[in-house]
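Inspection log for the structure reproduced underneath, given as C-alpha cells.
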Amino acid sequence: MEVFKADVAIVGAGGTGLRAAIAVAEADPSLKVALVSKVYPMRSHTVAAEGGAAGVVQDHDSLEYHFNDTVGGGDWLCDQDVVEYFVAHCTEELTQLEHWGCPWSRKPDGHINVRAFGGMKIERTWFAADTSGFHMLHTLFQTSIKYPSIKRFDEYFCVDLVVEDGRCQGVVVIEVATGRLTFIQAKAVIMATGGAGRVFRENTNGGIVTGDGMALAYRHGVPLRDLEFMQYHPTCMPGTGLLFTEACRGEGGFLLNKDGYRFLQDYGLGPAEDKPRNKYMELGPRDRISQAIWHEEKKGRTISTPYGEVVHLDLRHLGERKLRERLPLIYELAEEYMDIDPAHSPIPVRPGIHYTMGGIYAKLNTETPLPGLYAAGECAGNGVHGANRLGSNSLVDIIVFGKLAGVEAAKFSKSTQFSNPAALETQAKAVQERAIGLVTKTGGKEKHSVLRREMGKSMENGCGIYRTAAEMQATCDKLGELRERYKNLDVEDKSNVWNNDWLGALEVGYLLQVAEVVAHSALNRKESRGAHQRLDGYEQRDDANYLKHTLAYCTGDGPPRIEYQDVVITKSKPGTRAYGAAGDKAEQERKKEAGHG
Amino acid sequence: MTRSNAPLVWSLFGAGGVLAALVGPALVFVTGIAVPAGILMSHDLMSYQRMFGFAQSWAGKIIILAVIVLFLWHAALRIFHMLHDFGIHPGVASKLICFGLPFLCTVAAFYWVLPI
Amino acid sequence: MSAQMDKRRPYVRSMNSWWKRDPFFVRYMVMEATSVLVALYAVILLVGLLRLSQGEAAFNGWLGALESGPSILLHVLILVVFLYHLWSWFKVMPKTLPMIFVNGKKLPADTITYTGVLLAVVVNLIVLIILV
Amino acid sequence: MADTTKTIEIEVLRYRPEQDKEPFFQTYTVPFEDDWSVLQGLQYIKDDLDGTLSFRWSCRMAICGSCGMMIDGKPRLACRTFLRHYHPNKLRVGPLEHFPIERDLVVVVEDFIRKLESIKPYIIPKEPRKLEQGEYLQTPAQLEQFRQFSGCINCMLCYAACPQYGLDSKFTGPGVLALMHRYNADSRDGGRGERMALGHSEEGFWGCTAVTYCSEVCPKDVDPANAINQNKMGSAIDYFLRFVAPRGAGK
C-alpha cells in the first residue's frame, strides 16, 4: 500500500479545510500538508452558501451585540467562551479574505457593504451578491495554490482514521479514479468534512454532505455533540429542497400564508411593518419561522402542492432591478427551476433541513478528545451555535475555526514525531481490506439507495420540526433495522475506476450512524430548545435539567450511549428568547435587571 | 512561454476586417457589379484615365494598397486558421502558403503601384 | 497495486468533422470561409492594378473580363459574402472590446453590434455616394 | 409527490475502461416529473435501474460545477437542464467533449486543474496591506471591472465548446484565461506582469480564434471569449511597443 507522510493531514477541502491548510502553510512552510477531498475543492458544499458571513463593522454595532445575538439565537446552549473567541475574530478573518481577493459587495465609497440577516440585531452580514460561499470558497482555493507545501489529494475519499498509541496518526483514502488505497501518515489530522444534512430527505445540502467525518471520529470513540439540533431552513424549494437564501428576507421579502397574510405576526415576531426590521417578523431566527410554518399548516392556512404544503415568499415589491442586482442566483433558481418570475409572482417555499449544529466534539481550540485529531467547520460540535445557528454565522465559523485548527495542528505536529510505520500500516491494511471487502462481497441483498431513502423518510417522520417520543422511538427502531440490513449490502458495481456505487455505499454507512445519533440524542432530550421542539409534554425549555450538551458515544454495533456535559456560561445568563416587540421588551428588562444588580 | 508572433498578422487581419466591413460591400458593388453591368453607374467611373489618375495621386496609391493588402492579410489569417480547423496543423508548409503568398502579393502591389 | 493503475484507460475521442457537430460551428466556419472570397476579390483587384500599370489596352482587357456574365455573378456572390462578413464582424465585436460602462451599467452586446452595423452601413453608403 | 405518468428515454454514453474497448450508448426509460432536471433523471437511473452508471454531481443548484455533460450535443449542466424540454423525444447524454473519458459521464479534468494552477490565480498585491489596516477600498465601479469574470464555477462547459482546445489541448482555454483576466483586472492586484508571459503566448490569448461558443454555453455569463479577445489588442500593442520601449508596459 502506498504511504504518504504529512505533518498535517486535513480531511475536507471546503472553506474549513482550505483555510486550515493555508494556516498551516503560513505557520510553518516546512510542514507538509496533505489536503484530502472526495471532490475537487471548489465543488465542496461551501460553494452553495448564498447569503453571507457575519462580522461586526458598523460603528453602532459591537462584539457584544454579536455575542448576544449568537448566544440568544442558540437558546443559551452555546459555550460562551467559544462564542467570545468567535465574534472577536470574525471581522479579521473576513478582512483577510478581502485581502486575498474575495469580491465582497461594496458601498459607493469603496468600503465593505453589509446586509441584514435573521436574528441579528445590527446589519453585519458581508456578502458577495447571493453567491457569498461560492466566492469565499474559490478565493480560498485559488489562494491555497500559492503555497507549495500544500499537497492536494483531489477526489480521494477518506475511509478511516488510523489510531495507534491513543492518538490519531493518519487516514486511509481511496483514489476515486483508480480505486487504489493510500495511507496518509500524519502527525496531526484535521476533520473538516462538513455537515450531515443528507440524513434527511428534503434538504438544501449537496449530495456530498453525508457526515463522513462525524461517523469516522465517532467510530474511534470521539463523542458527537448536540446532534439532535438539525436546522430547518424555512424557505426551500418544494421537492428538491434547494435554498432561497435568508437574504431574500434580509432584502425585504415577506412570508405569506394562503390568504396573503404575513402570518409571522401571530407567532410573537410582530408587529408587521413594511420595511424589514432586524429581529422582527421575517428577520426572526430560522427555527421560529420554520415552526410558525408548521403551525400554519396545522391550521390549514398553507397552500397544497404536489410536493406538500407551502407558504409564499413574496419578493415582488422589491422590483426586478433590485432582485437582479442583490439576488441574481435566487432569480435564476426561481426562473429556471420553477418557471416563476419572482418579480411578478410569489415563490412557493417550505422548510427543509439545512444545517447540522452539532458534530464532532471539539474544544475551543478545535482539539477533540482524541489526541492528534482536530475538528472544525460544520462537522465540528464546538458549541458556537448552540441549539440554533444564526444565518451567516457559519461561513465565519469555518474560517475562524478553520484557521485555528490549522494553527493548533501545526503546533501539535511540531511537538511530536512520526511513529514507526509498521504498526500503522498493519492497521491501514486492515482498513483497506474492509473497504474493498464491501465491493467484492457477494450474496448481499440490500441496495444502499433503498436504505438511504428509507432513512431519510424515517428521519423526517421522527426528527422533523416538531417531535414526539413515540415518533422518535419509531425512527430509532427503524434506524436500528437499517443498521442490520446494511450488513447485507450488495454493491452492484465491482470495478475499480470511478466506482461511486462503492463510495455511495460507504456514505450510506456514515449516514446511518450519524442518523442514529441524531435520533437517540433527540429522544433523550426531554425539553424544547432551539431546533429541538417537542409536543409530548416537554414543550418548554428546561434549564434545570437540560442546559447541557448531549454527548453521544459509539458502543460498537448498537445505538449510541448518551451522556451530558455542562454548558460554559460566562456572561450571559439564560434568558427568555424573544423576538419582535417582545424581544425588545425582554432586552430592556434584562438591562434594567443588570443595572439593579 | 514563448511570445507568440501572432500580433504581426493579427493586426493586419483586424485592420483588414474593419476595412472589409466598412467599405467592402460598396467596393464590390461598384467594381464588380454596378460599373461592369452598367447599372446605376456609368462605365466611365472606372475608365483607364480615371483610374490611372487616381493611382497617380498619393491618396490613391494609399487607398489601393490598403484595400488590396489588408484584404489579403485579413483573409490569410482566416485561411490559416481554417487549415488548422480542418486538422492541418500549423507547420512550415501551411505558413508558407498562408503567409508567403500574401507577402509576395504585397510586394507585387507595391512594385506595381508605386511607379504609376 | 500498480496493476490497478493500469485499469485507468482514458478514452480520447476524435475531432474528425467537429465543425459539423453544432450549427454554431457551421456558422463559425462559414464566417471563416468568407475569407476565401475576400482573398479572391483582393487578387482580382491586384490583377487590375497590374493591368493598370501595363497600359490602357491591358486595363481595358481587365475591365472587359469584369463585364462577363460569370464575373458579375461571382461578384454578386462576393457581395453577399462581404455583407455576411460585415454582420459577423460586428457580431463578434462585443467580445473583442473591453467592457464599456454607461451610467454604471454594462453596455449590452447587441447595442455594440447594432451600432457597428449601422456605422458600416453609413460608411458604405458614403463611399457609394462619393463614387457616383 | 405527483402521479408519474410521463416517461422519457435517455441514451447514455457508457464507457467502463476495465471492460469496454470503446464507448457505446445504453438506453434507459425513466419516469419523470415536469420539474425534473436531467441530473434527477440520471439519479433515478443510478438508484433504481443501474447502479454502475457513474457521473459527478453535488450541489444540484448550478453552482458547484460538477455536473457538466453533453446533453443532446450541447455542453450543459445536468442539474440546470430539464427533461420536460426534451420530452416526448428521447435525449442523449454524454461526457464533456474534448476531455478524455475516464468512465461513463466522468471525464479526466487534471489538465484543466493544472492550467488553473499555472496562472497564479491569487492576488499579488499592488500594495501590501496589513489586516489592522482593514479592507482595501474598491468602488463598485472597480468591482465591476472583474466581477463578471470572477463568477466562473469551473464547470468546463466552455472547454467542451471550444474547438481550439479540442484540436490542441496546449491551449490554456477559455475558463482559465478568464480567471487570469479576473485577477489582472482587480484593482487590488499588481501581478499582471507575472501572468502575461502566458497571456502573450500561443498557449494564451493567441490560441483563441474567436469562435465564441465558449461564451454561448457558459452557464454563469462569465463571457470568457470577451476576457480573451479584449486582451488581444493590448497584447498586440505590447508586442510592438517592446521594440520602441524595450522595458515597456505590462512586460
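By written order: A, B, C and D. Residues from 1 in each chain.
Assume a contact is a pair of C-beta atoms (placed from the backbone, for glycine too) under 8 Å apart; a residue touches a chain by one contact, two chains touch by 3 or more.
In this text, all values refer to a predicted model and were calculated from it rather than measured experimentally.
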Core chain by centroid distance, with centroids computed from Cα atoms only: D
Pair with more cross-chain C-beta pairs in contact, given B-D and A-D: A-D
Mean-CA-position distance for chain D and chain B (Å): 38
Whole-Å gap between the CA centroids of chain A and chain D: 28
Interchain centroid distance [CA atoms averaged], chain B/chain C, Å: 13
Separation of chain A from chain C, taking each centre as the mean of its C-alpha atoms, in whole Å: 55
Residues of chain C whose C-beta touches two or more other chains: 7-9, 15, 19
Shared-contact residues (touching 2 or more other chains) in chain D: 17-18, 102, 108, 140, 163, 167, 232-233
Residue numbers of chain B (touch at least two other chains): 81, 85, 87
Pairs of chains, among all present, that meet the touch criterion: A-C, A-D, B-C, B-D, C-D
Interfacial residue positions of chain B with respect to chain C in the complex: 16-18, 20-33, 35-37, 40-41, 43, 45-46, 48, 51-52, 55, 64, 67-69, 71-72, 74-79, 81-82, 85, 87, 105, 108-109, 112-113, 115-116
Chain D contact footprint on chain C (complex, rising order): 7-13, 15, 18-19, 21-22, 24-25, 28, 92, 94-99, 101, 104, 106
Chain D residues within the chain C interface of the complex: 15, 17-18, 22-23, 73-74, 97-98, 100-102, 108, 140-141, 144-145, 148, 163, 166-167, 210-213, 215-216, 223, 225-226, 229-230, 232-233
List of chain C residues in touch with chain B within their complex: 15-16, 19, 29, 32-36, 38-39, 41-46, 48-50, 52-53, 56, 59-60, 63, 66-67, 71-72, 74-76, 78-79, 82-83, 85-86, 89-90, 116, 119-120, 123-125, 127-128, 131-132
Footprint of chain A on chain C - complex, ascending: 1, 4-5, 7-9
